[in-house]
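Two complexes, one shared chain (chain A), two partners (chain B, chain C).
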Partner chain A sequence: MIDFGFKINPSSTLDLDKADLTLYNKLVRMEPEARMCMACGSCSATCMSAEYSGMSVRKVLLALQRGKDVSMMLSNCMLCGKCTMVCPRGINTRHLILSLCRIYDKEGLK
Partner chain B sequence: MIDRIASGFHPFVIPFVFGMVFVIGWCILALVRILFQLTHQDRLAFFKSLVNPKTALRNIKDIFANCLLHVKLWKRNKLLGYMHSSIAFGWFMLIVLGHLEVFIYVPHRINLFYYPIFFNYFVSEADATIGGSLLFFLMDFFLLMVLSGIVLAMVKRFRSMLFGMRRTTRPAFLDRIGLWALWMIFPLRWIAETFTAHISGGSFLTAPMSHLLVRVLGDNIPVMPFWWAYSIALCVFICVLPFTRYRHIPAEMLLIPRRNAGLKIRNARKGLAKVEVFSCPNCGVCIDACPMSVKKANIKDCTVYLNRQIRRGNEKRIEQISDKCLLCGKCEAVCQVGVQGPTIRVAQRSIRKYGLSQDYSNIDIQPLVDAAKGSKVVYFAGCMTKLTPRISTAMESLFKKAGVEYVWMDRDGGLCCGRPMLTAGRLEQAGQMIAMNERIIKESGAGTLVLSCPICYKMFKEHYNLPGVKIVHHTEYLEELVRSGVLKLEKGDTFYVYHDPCELGRGSGIYEAPRKLVGQAAMIVDAGHTREERSCGGGSLGSLTLSFAQREAITKASLADLGVNHPDAIATACPLCLATFSRYSSRPVRDIAEIVDIQSNGSE
Partner chain C sequence: MKENVVIIGGGVAGLEAARQLLSLGYMPIVVERKKSLGGHVAQWNRLFPDMTPTKDLMERLIADTAQANIFTETGIRFINRLKDGYNVMLTNGVNIYSKAVLIATGFGLFDARKKEEYGYGVYDHVITNADLEQWFNGKEDNRIPESPQSIGFVHCVGSRDVKSCNSQCSKVCCMTAVKQAIELKEKFPQAEIYCFYMDLRLFGKKYEDFYISAQKDYGIHFIRGRVSEVSERLEGRLQVKSEDTLSGKPLKVGIDLLVLMSGMVARDENSEIASMLRIQTDSDGFLKSRDNIYSIIESERPGIFFAGACTGTKTVPETVAEARAAALEIHNYLSR
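Moving on, here comes the complex of A and B:
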């Protein structure tokens, strides 16, 4: 490809009809609490690994609902549990992350 | 003394002989299997410890004190201690004295191993000499001791509250069979010996009844049915022994030498873990102790049930139970056998497979390494302290007052100590974090590492290799500063109750330093349960699945226990306890660093 000195960002259009929600649906079956998230962002604010991998439980749940890959974000989670402590909805985010890691299928999502 | 039966045999001994051969065969097989399950080094260390006279002596002492006399149980609950030791020690003495009798009076029968058990049937006029009657007296004495224990056991089964146990284990079906067989053995032995006492002789327990029987029935005493029943009861008990809770009897004798050899659980199901699970006597002491069992919730998630499910191989329940636990370690502290409930649970968690494994190699720790350089003291607040910044603020103020130069290693973010990952069973990830933190601290060149969080403290103490670095919790550090006069405390008039955090108290054995500090800075009152007996506040990171609602009951129960002596405020030394208690407490909750900060002046 010719290098023009600039590039075009990939489209960020969301097509929910085509999004692959297998992982999200699987997660919700295991952790019904995932539905309780109101995206307040308390977890993002406290996260220890946010500065390394952009981890945030709120973002992870949002990305999953759009069928996007979350492995990068999850890869630096240290399971310290601060997100669980601050969650106003009382979601057990630690266990949610562990469950997600368990059912995560490397081939499943691109 | 006459050997009454010339052949030295009667068919009624067959059930007992069969049972004995079976159980000894089973024990040898199990022993060999478990030895093969150990790693090569562990096996070697185990055999070495057996021949080392020091550990060998300790093994014998521990087996005698714990398996027979139940010393630990006596210290905890006298009635339960008597009940267990009367059965175990009394039975042991019956066997020993039985052998002694055979050895003294019919030495040519010593090779028949059923002879000491049924001695009274095979001999006549054995109490004719002084020595004989003394032995018979001792036999009756120990039989009475066992019988008293059996009566207590029966009462306990139906009214456990009388023994100070609010809840006790629900026995499984085979356990019930074993239980009833055990209950029957000694009454049957008593009756059988009473019925033959006019032939063999007897003492205070058997002879008087025998005289009466001879008067009433003459020579028509039905002797045989009871000897048969006694033998069959023994047979039933020892045949079900390997499949019931009573397997703890042989297993514990194996567990003690293994623990003294210093072996650790390396496999979730095999080797030492298996011995521990088999050593659980199902007594149920852990049920009352478990902080999760408040309001009769989660009773089936206590260590005793975990052991049962592991024995049954019920994977679904094993996962539920091991994930729910707070890992507070109270069950281990109260366990008479010393079954390591939390360690077994972490081992179960560690065999899970994950589709996505965390990897921290992308994190550049060079900025952290550079920032930590150049001070004698490194302060590591930990993740939880970030949520309760009043602790780190107090610590900063105290460092300033004491004139200590320090660097705050994780002031602007950093790595976790790795304990949450470790307790979730993900040892590899924890190992990565350990290596990175070790590098930061080693390269800083500091001599002291101060930690505010007991979770981190336990982790650094046990899993980090930091030669030349003194690892202290802030309560220890502050106590030393106060003792050396660098910080001066003024005694306030607030009454505090001190809550022992699990990881600091039971986990690391630090009970005194925090109490001294609170005692010097304020008034101190006791909680309902203190030290090893203190219940978790319910916030523990150890539990993976407990929800907020379930934790609430635990926290409230812990708070109620803290409030029994009406303190003005609660003192603790753990950021997680602080955050958890603050949520529901009507009294102010403060960390010890805060209290010391309020009540102290610098040396100048």
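Moving on, here comes the complex of A and C:
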């Protein structure tokens, strides 16, 4: 094929019908509070790792709800627990991350 | 003889004001255009936040106003200022002299067909919040599938929408959507339910608790993004598109039933009512109060009072409180 120097980017559209929520559903069974996030961003704002790594509990939860892999983000968490202190919904975000790591560990995904 | 007070509109505001005026010793004359009393609220099935059956509220209001003079299927032919009161001529030929007139004409429900991109009246499985309440009331609706796998709620249909000439927030729809989403999840536990919102405005008592419960106990998905378009797929399923603004990416999902949250809007007849009574409409099309803090229930004309959603979008408890305040204000005015 002749290379014209153009390429087509893959669609960035999130297709919820195709989103695989297995991981998210597993997490919700272990941590029902995961559903309570209202995306206020307090966790990300206070995160010690965020400004260097892009770590954000809010983004982790959103990505899971869209069926995305979050192992890269998880590896940036230092489990300091500051996010738990600021969450207005009282979600134990530190424990939530820990549970998520356990799921990844068990599945041999990490 | 008891002194007459004409009340235009037999909804929650008109009936509650009539109830209070009766107990203050007046003879309220309620003029209702429709065949039955109760207005929009009577069409609803249950009311948040206590999930009170609407029937209970209506039965109570109607029983408590049995002594009032009520004309249904009746309109106002004209109103003239006469001495220190008003001469009100009804369409049934009855003529009433009343020193005070209470306007309780309420709101209009936004016609969802105007937002053509959402497909109300175009696609088979698009309904409104009002249609859903009718279905909860037992009315058949073949637009609602037997076992939907996914259900969508579109917030702010005709509200906060300058292009539809309604810049105001309709106030009650966020909470109504949360309530109806929970009710549908109870009926269809297998269905995934998505609420598409711009902001969630859950200001009232227990509203936020409902929201938390919808998320935690019912697993309802809240997606921040206004639905841009609805289309029909080959297999007949609806496709809903919006931006997932939290991800910053476009999003699409297949939907079996779409519920549009039609908002409260100013009545088309408001300018007619205003010119007949020589009062004014406000910039939002609702009737204009003397001010919006201290004198919401007063017009700029002596003897003309307001109660309920004729002056702006209101919840049922707000309307009830205003109706009571208006009855007392009328009593003060007539006792002067």
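The rule is short, and it goes like this: the second predicted complex is superposed on the first by the 94 of 110 C-alpha atoms of A that agree within 3 Å, B and C clash if a C-alpha of one lies under 4 Å from a C-alpha of the other, contacts with A are read in each partner's own complex, and residues count from 1 in each chain.
Going forward, a residue touches a chain if its C-beta (ideal position, glycine included) is under 8 Å from a C-beta of that chain, and two chains touch if they have at least 3 such contacts.
Keep in mind that what you see is a predicted model, and the values were worked out from it rather than measured.
Trainee: Does the chain A-based superposition show chain B and chain C clashing or fitting?
Mentor: The answer is fit.
Trainee: Classify the contacts of A:103 with the two partner chains as first (chain B alone), second (chain C alone), both, or neither.
Mentor: First partner only, chain B.
Trainee: Given the superposition on chain A, what is the angle at the CA centre of chain A with arms to the CA centres of chain B and chain C, as a multiple of 10 degrees?
Mentor: Taking chain A as the apex, chain B and chain C sit 110 degrees apart.
Trainee: After the superposition on A, what does A:94 contact: first (chain B), second (chain C), both or neither?
Mentor: A:94 contacts chain B only, not chain C.
Trainee: Considering only touches as defined above, state whether A:65 meets chain B (first), chain C (second), both or neither.
Mentor: second
Trainee: Looking only at chain A, is it chain B or chain C that touches more of its residues?
Mentor: Chain A has more residues touched by B than by the other partner.
Trainee: Is A:15 contacted by the first partner chain B, the second partner chain C, both or neither?
Mentor: second
Trainee: Nearest approach of chain B to chain C by C-alpha atoms in the superposition, in Å, rounded to an integer.
Mentor: When the complexes share the chain A frame, the smallest chain B-chain C C-alpha distance is 16 Å.
Trainee: Under the contact definition given at the top, report the residues of chain A touching chain B in one complex and chain C in the other.
Mentor: 33
Trainee: Please output the residues of chain C touching chain A within their complex, sorted ascending.
Mentor: Per the touch definition, chain C meets chain A at residues 194, 211-212, 215-216, 219, 221-222, 224, 244, 246-247, 249-254.
Trainee: Touching chain B in the complex: which residues of chain A?
Mentor: Residues of chain A touching chain B: 33, 46, 48, 51-53, 71, 74-82, 85-86, 90, 92, 94-95, 98, 100-106.
Trainee: Enumerate the contact residues on chain B facing chain A in the complex.
Mentor: Checking each residue of chain B against chain A gives 323, 352-360, 362-363, 383-384, 386-387, 413-416, 418, 420-421, 424, 426, 429, 433, 539, 541, 544-549, 576, 579.
Trainee: Within the complex, which stretch of chain A touches chain C?
Mentor: That would be residues 12-17, 28, 32-33, 35-36, 38-39, 58, 62-63, 65-66, 89 of chain A.
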